[in-house]
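Going in written order, the chains are labelled A, B, C and D, and every chain counts its residues from 1.
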Amino acid sequence: MTALININVQTQDFDVAKEYAALRQNNTQDGAIVFFSGLVRDMNQGQDVKGLFLEHYPAMTEKSLAEIVDQACTRWPLSRVRLIHRVGQLHISDQIVFVAVSSHHREAAFEACHFIMDYLKNRAPFWKKETTPQGDTWVAALDKDTYALQKWDEHDQ
Amino acid sequence: MTALININVQTQDFDVAKEYAALRQNNTQDGAIVFFSGLVRDMNQGQDVKGLFLEHYPAMTEKSLAEIVDQACTRWPLSRVRLIHRVGQLHISDQIVFVAVSSHHREAAFEACHFIMDYLKNRAPFWKKETTPQGDTWVAALDKDTYALQKWDEHDQ
Amino acid sequence: MINVLFFAQLRETLNSQGVELNIDTPCTVSAIKNALVQHNPNWQTHLNLATVLCAVNQTIVDNQSMIQDGDEVAFFPPVTGG
Amino acid sequence: MINVLFFAQLRETLNSQGVELNIDTPCTVSAIKNALVQHNPNWQTHLNLATVLCAVNQTIVDNQSMIQDGDEVAFFPPVTGG
């Protein structure tokens, strides 16, 4: 099965309703859509957050996201994958990232969506700098994000 | 943490955009929303499907869904859970079920949403009767749905 | 008195939405099945299928669970929602 | 010639967006780091952190990977997107 893949890295916001409608359009074979939406929290790693700036490595970003999605398509039978990641200045409650997967069955959709987010967190060249009352600080990478990849190694699929 | 829980069993369709907006409203503490949407496929277990009728056990349905959501809230720190399951006559591509979970972090949101769907598939009193060219036939329960629960037993959380 | 309900394919196969049953309580789910089969011998195969589920007062239970007078006892095939 | 880029906290700490480097190629990523430190001794601690990642032509590689003339070599801290 060849999946329809659509990936964007952009400063502007996205419309989840529009993206969901696009996944359903002319799609009578899929029984499952799973999506993940990542939002700016008002508190991170114990600090008040006022907003954040998302830096990236433009030449590499879409390429690395495409590689992650391709890996997911190799592991699971997916019909459509939509991925949007924002860059630039963001505020509290803003949408940061959107990953949506449609598949015939729920297991593939759940696992692939989770897999894409876990790899994106560890491999895609984005860096967050948060605005806090103590000044601007770079977000530290978390060990739990690295550990999150282990479940996909142990995975016997 | 006490989660905001909202469960409905209904004949009418639902609006994913509205539900997503409700999960985000006045919510500055959550970084992750995961949702699952289940749709009527045009093909199931090798048969052409024209539509389906969803029977349920009204006195038990919401009670069993509430128990499943409560279990998820015990296992993971969830902020909001929204669950809608339709009953009655449905057509190809119609939305059947919607499960959305918001949490501070993505791991809890992914796992809880997946857990709720796996248990719903095995415990909630819904039965599908499909309309096919060969007549109306009851959908057979699948072993893989039973096996899907095993991952939550082995889960070391 | 016990209120017994059937759902989905089991309802169609037995050609019954349910019955009211006067039996000595408390008794087990298995005893209820036996009482139903005594009244309708042709229900035996269908009710004794290992896949048939039982809910007492809207909670799924096993065959050894105890039934009290006034309970609602439902039998149904494996669920297929979602 | 090699085009070297720095991102995020590493870019700020080194106070450099990147440099162009004339070295004998092919060579390893480690050799590139050594050449950078030769030009800027105070970069040593930051570039040799075990957590620093390297991408060659936009693909993450390890320290033993070979660099060719004309490659784009980027160094950056662990990523924190999503």
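Simple rule for what comes next: a residue touches a chain if its C-beta (ideal position, glycine included) is under 8 Å from a C-beta of that chain, and two chains touch if they have at least 3 such contacts.
What you are looking at is a predicted structure, and each value in this text was computed from that prediction instead of being measured.
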item: Fewest touching-chain hops separating subunit A from subunit C; value: 2
item: Chain centre separation (subunit A, subunit D; CA means) in Å; value: 26
item: Distance between chain centroids, defined by C-alpha means - subunit C, subunit D (Å); value: 71
item: Distance between the centres, which are taken as Cα means, of subunit D and subunit B, whole angstrom; value: 48
item: Interface hub residues of subunit D, defined as touching at least two other chains; value: 82
item: For subunit A, residues that touch 2 or more chains besides their own; value: 38, 106, 117
item: Pairs of chains satisfying the touch condition; value: A-B, A-D, B-C
item: Complex contacts: residues of subunit D adjacent to subunit A; value: 5, 7-9, 51, 55, 58-60, 72, 74, 76-82
item: Subunit D contact footprint on subunit A (complex, rising order); value: 38, 54-57, 59-60, 63-64, 85, 96-97, 117, 120-129, 138-141
item: For the subunit A and subunit B complex, residues of the former touching the latter; value: 16-17, 20, 24, 27-44, 92-93, 104, 106-107, 109-110, 113-114, 117, 144, 148
